[in-house]
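Here come two complexes built around chain A, the first alongside chain B, the second alongside chain C.
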Partner chain A sequence: MKRRTLLTAAAAASALTLGLGAPAFAEDPTKVGFIYVGPVGDGGWTYEHDQARLKVEAHFGDKVETMFQESVPEGADAERAITQMALSGADIIFTTSFGYMDPTINVAAKFPNVKFEHATGYKTADNVGVYSARFYEGRAVQGTIAGMMTKTNKVGYIGSFPIPEVIRGINAAYLHAKKVNPDVEFSVVWAYTWFDPAKEADAAQALIDQGADVILQHTDSTAPHAAAQKAGNVITFGQASDMSEYAPMPRVSSIIDNWAPYYIERIQAVMDGTWESDNTWDGIGPGMVGIGEISDAVPEDVKAAALEIKDKIASGEYHPFTGPINKQDGTPWLAEGEVADDGTLAGMNFYVEGLTGEIPQ
Partner chain B sequence: MDFGGINPVILLASLMVASTPILLAALGEMVTEKSGVLNLGVEGMMITGAVCGFIAAVETGSPTLGFVAAAIGGMALSMLFGLLTQVFLTTQVPAGLALTLMGTGLASLLGQNYVGIKPPSLPDLHVPLLQDIPFIGPVVFQHDAVVYLSLFAVVAVWAFLKYTRAGLVLRAVGENHAAAHALGYKVKLVRFAAIGFGGAMAGLGGAYISLVRVPQWTDGITAGIGWIALAIVVFASWRAGRVLIGAYLFGGITVLQLNLQAAGAKVPVELLSMSPFLATIVVLVVISARRHGGTNAPAMLGRIFHTS
Partner chain C sequence: MITFVKRPQPSKFWTIATPVLAVILTMILGGLLFAAMGKDPVVAIRTIFWDPLFNDQFAAYSRPQLLVKAAPLILIAIGLSLGFKAGIWNIGAEGQYIIGALTGASVGLALYPLDAWWIFPLMVIAGALGGFLWAMIPAILKTRFNTNEILVSLMLVYVAEQILASAALGFLRNPEGNGFPGSRNLSQIPAMSNPELISGTGAHWGVVAAFAAVVAAYVLINKHMLGFQIRLTGESPRAARFAGVKDRLLVVFCLGTAGALAGLAGLFEVTGPAGQISIDFGAGYGFTAIIVAFLGRLHPVGILLAGLLLALTFIGGELAQFMLGLPSAAIQVFQGMLLMILLAMDILVNYRVMIVNKEAA
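Let's look at the complex of A and B:
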């Protein structure tokens, strides 16, 4: 009995303090949640999202409170994780992987007052916006370097899942490698994971065993670089993050995701009450896609060609998918000079002419 | 000697490398389970071993010391599990799951300053004379010491359980801890030893990933391999030889399917991707079903032993 009295008294006292203390805070901080597909230390995709989260904190200071959950599996369990975050009072939640698309939409329907931002997807709702980066622009630059630098004319590509974003990357890289080196061949290995260092290393090793001397990856860890380094004369590209710890060889350049400006802009919109569902898709020009420094292992002429294509894409003068381009089966897709529209690109589910193998359906 | 663009020598050699972490961890867990303890924390112990081994190897420049540290790290974490389940008598399943959660977090914390560093490499042991045997030589006799250690461990564990007195005691504890206790065997001591062995082996397996197979440290580097090892123990019906078959099948088909993809084989990728799981389960279930009607699980698996 005594203990209970004590507890009640303590509770009352703390309530009182809280009550008195409340006016000291001008307003509640905006709560921002992030759902990550890998660990924050993956050195790639999730790492960059988390860097952006830290920049958000630095930018807004006390006005925001961020939280994140890492290594959330895509699929049913994601729904639980997102729900949990919404229940814990998040004002806006960024779900940062393609596989969170349906879970995000489902949870959003239950929490109409919470804003959701889903990365790389295409389903929107009143309180769900989508955002992605035009990684394929960076792939065009990589393809150019790959095509000019390969000696075996074999380029290995580690794909994660056969989704439009990844297929776009393969197509863009292939088209630009082919442009500078008509003999180039691509072999694609599907790892069916975003993050599994051992498997990614095995996939890289398998491609190297098959004679590839350039490895492009669309998975998130730095393991393929380690495999390439062990093999010797194989070059790689940083994915999502600079991965400069493997420069100048094997990593010769990279695609760097820069999410911070977008996150800051959207969180500001929530604070101002002006947030609306959007569909943002930015590339090299606006700075959402960065090209990591091209290392000294790349000959000057190759570097110049790569930078030229990068600048042309940035200025909008050149689109990586400019006709004439045929589909894999030979049917025409884009006529001479025609540029791909965003709708087709967003749902891209076909290889371009010249690529071998089939896309798993 | 190429089949469909794949060189079988290279394939078999990388098969052994890919299978070793699973083999080490599964073998350790098998011994633990044989003593009647179900430790679901394999994944946590592996990743702790991976980070401890990596740190030690980088700091001392010696991969051998790295592996020693990995075994100690894995064992230390498993002792925590031992303390919880053997002394405080907590239920083993949640304790094991907690161990995985804790191990993953601990590894991430310890490894913070080690991302992007290249560890010293473990030299391959070229067995004299034998390595010159055509075909078999390069496949079997040009690996690093840990591959041989893991194969030796299979034989050692098998012989230990089958022919030694200590092995018999361990099995007795796993089959009927009350009877073993009545005979005067120290049930808890035996189980602590078995848990510790399991932890050390899982640690070695983890370090093999971070020091040899991937060579680097990244958060979450084991990516679920510990769970595969756990499953292989069950499907192999607690026999060392079958654990070897299971681990090599799984590791081997994982590598094979990636090679088939890289070589552009005309097999649907979905089928290739699930083939390691499918083949391992089918093969092990078939060989387990033939010999014994029932399950071969230690009777006291997962039960709490209570001395009164």
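Let's look at the complex of A and C:
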């Protein structure tokens, strides 16, 4: 191994002296690393990041070399995983979970020549960019379908962790369900996990037992769909991934994360030497958030209403958080026609008026 | 025909030889596993066992990381081994680890932004005390009401996890964290951080404490009356009572020491490698330490070596994942195989293998 490294180094050196340095280096593939929070087969969040990695390989061919580490715990282990990847010669590393924020920043400080992209965080540095998707736009579409489809007027929501990302989704779904069905009620169950099929199935079952006939989820497995299928007459939505294996019932639509265009763009920037730290937050319009096909189990008028709101969001004509909206305690948040600013949305830690229950503290 | 004949005394030779044999056997079986997955078995085994220690690119970083990963395991396992020797089964070290980190961090953060030299020592004391008190719950319930310490200590892990989640979302949440869960980053506050003592060694105070615990446990078990009483109680509780061992006091001592050491491990972890209290701070060290304790045959030096070996397979496994594209599940199978074989080989320590002629028998 050592000898081979020496030989390549010697070859590169002689190529340099012959004036062939530039092409020799240009053929070096760009090394791209990914740190995943779940297994690549989770069928949701990590699965979609890995699909994007495969699309990166298909797009660039020999010009890239990708590597990944799956099921990396958020915390001390993450810092080591990222460091080892940087040591192995990665040019750019995507860390794809919120809990990798501080580790990413720490490692980035030690490797100024490596680029880092952290998903769903808010800390940036010269060589650290952040990116996320406006999933709440998809939640507005889901909420519309949920509000029109529910017969019991009870919607169950499986939350992962009470962080702004998830709270934003609950608020967006509730506001739009309420708009089309003033009698709708939401019950939220916190699973405290991103991926745990057994817990998610339990949560779904508990919500169904309470009379919910719509289950929304912010966790990544398909277990809630299986529970809904067993119960019958309960509808669900794919999360992060299309989960179309459960269509047309119980899965009636989905929010699909589409990371590939962003990854390809950023890797291209590294190759061109034009990469700069960024803060990207894209939604339905640019295609980072996709709405999975609305199945035939949904009546035509509901489908039309859902697609209308989707198109309005995509064109920028409508923002899911447009006033008047009050906070849960009744204090005004947005005045008539006022649109929420990104800062408040990014740190959202309150429910909107009408939601019951408390955000866990 | 092969039969096993019980040895009058455990074999000294096999006590030393079985771990070596087990590692070699695991390498062969693991190699077959990796070969079946289409990977070069020699490269895979070398990546796991050799690269973290001697690879040019990684070793300078990975070697110190062995200590970082092994220190909490060793510290907790030493505490557990005292109780296990006496037949007192503390399965709840994970909970004591979490509570130690919480009490230590709470004391430190309550004093924020004060900067004084005595804050860190005070946090260390608070961490040990927190773990100690959490372990006193099963201890007192056992001595007063004769409850089963296995169940009580295990159930308290889940209680501790809920308190941890509540702390990360509530009373310890970083007020400058944009509404995200998690405390301030303690490792970035000079008065509260537990940094590398000598740069490039990975050795923080937790590593020092782990080595000190190994020495102290060795002295206690072999040179001290209390150590004799612990061993005697484990081997023959009745004889111990006749010999005047106060068994209730022993329960309190063993659970209390294990709790305090686990609490210390948690405190050193939260102020150092982990950096902050987060919802998933408990990474399972408390449970893995049970394996380490038994792998080390409840002997302090054995535990030291077992902790380092487990750390090696963790870190080597991570390298194998992203360098060779092995799935994390395959690495876990490999680790499980190692532990199974190590424990199964124990039969050679206690039994003699005889090849018996059937006719003669």
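Note that in this section the second predicted complex is superposed on the first by the 335 of 361 C-alpha atoms of A that agree within 3 Å, B and C clash if a C-alpha of one lies under 4 Å from a C-alpha of the other, contacts with A are read in each partner's own complex, and residues count from 1 in each chain.
Assume a contact is a pair of C-beta atoms (placed from the backbone, for glycine too) under 8 Å apart; a residue touches a chain by one contact, two chains touch by 3 or more.
The structure displayed is predicted, hence computed values, not measured ones.
Chemist: With the two structures overlaid on chain A, would chain B and chain C clash, or do they fit side by side?
Modeler: In the arrangement built by aligning on chain A, the partners chain C and chain B clash.
Chemist: Is A:A198 in contact with chain B, with chain C, with both, or with neither (first, second, both, neither)?
Modeler: In the superposition, A:A198 contacts chain B only.
Chemist: Scan A:F161 for contacts with chain B and chain C and give back first, second, both or neither.
Modeler: second
Chemist: A:G357 in the overlay: touching chain B, chain C, both, or neither? Say first, second, both or neither.
Modeler: Only chain B is touched by A:G357; chain C is not.
Chemist: Would you check which partner chain A:K327 touches, where first means chain B only, second means chain C only, and both and neither mean what they say?
Modeler: A:K327 contacts neither chain B nor chain C.
Chemist: Answer with first, second, both or neither: which of chain B and chain C does A:G99 touch in the superposed model?
Modeler: So A:G99 only meets chain C here.
Chemist: Which partner does A:K312 contact after superposing on A: first (chain B), second (chain C), both, neither?
Modeler: Neither chain B nor chain C is touched by A:K312.
Chemist: For A:P39, decide between first (touching chain B), second (touching chain C), both and neither.
Modeler: Both partners, chain B and chain C.
Chemist: Looking at the overlay, does A:S71 come into contact with chain B only (first), chain C only (second), both, or neither?
Modeler: Both: A:S71 reaches chain B and chain C.
Chemist: Starting from the residues of chain A touching chain B, keep only those that also touch chain C in the other complex, and list them.
Modeler: Shared contact residues on chain A: 39-40, 71, 162, 192, 360.
Chemist: Help me check something: in the complex, which residues belonging to chain B touch chain A?
Modeler: Listed in rising order, the residues of chain B that touch chain A are 5-7, 10-11, 14, 18, 21, 108, 111-112, 115-118, 121, 209, 213-216, 218-225, 254-255, 258-259, 261-264, 268-270, 273.
Chemist: What residues of chain A sit close enough to touch chain C in their complex?
Modeler: So the residues of chain A in touch with chain C come to 2, 5, 33, 39-40, 67-71, 73-77, 79-81, 83-85, 87-89, 98-99, 102, 122, 161-164, 192, 346-349, 360-361.
Chemist: Touching chain A in the complex: which residues of chain C?
Modeler: Its residues touching chain A are 56-58, 61-62, 65, 68-69, 165-166, 169-170, 178-181, 185, 269, 273-276, 278-281, 283, 315, 318-319, 321-323, 325, 327-329.
Chemist: Could you please specify the touching residues of chain A with respect to chain B in the complex?
Modeler: Listed in rising order, the residues are 38-43, 71, 156, 162, 187-193, 195-199, 201-203, 205-207, 209-210, 212, 221-223, 226-227, 229-230, 245-246, 356-358, 360.
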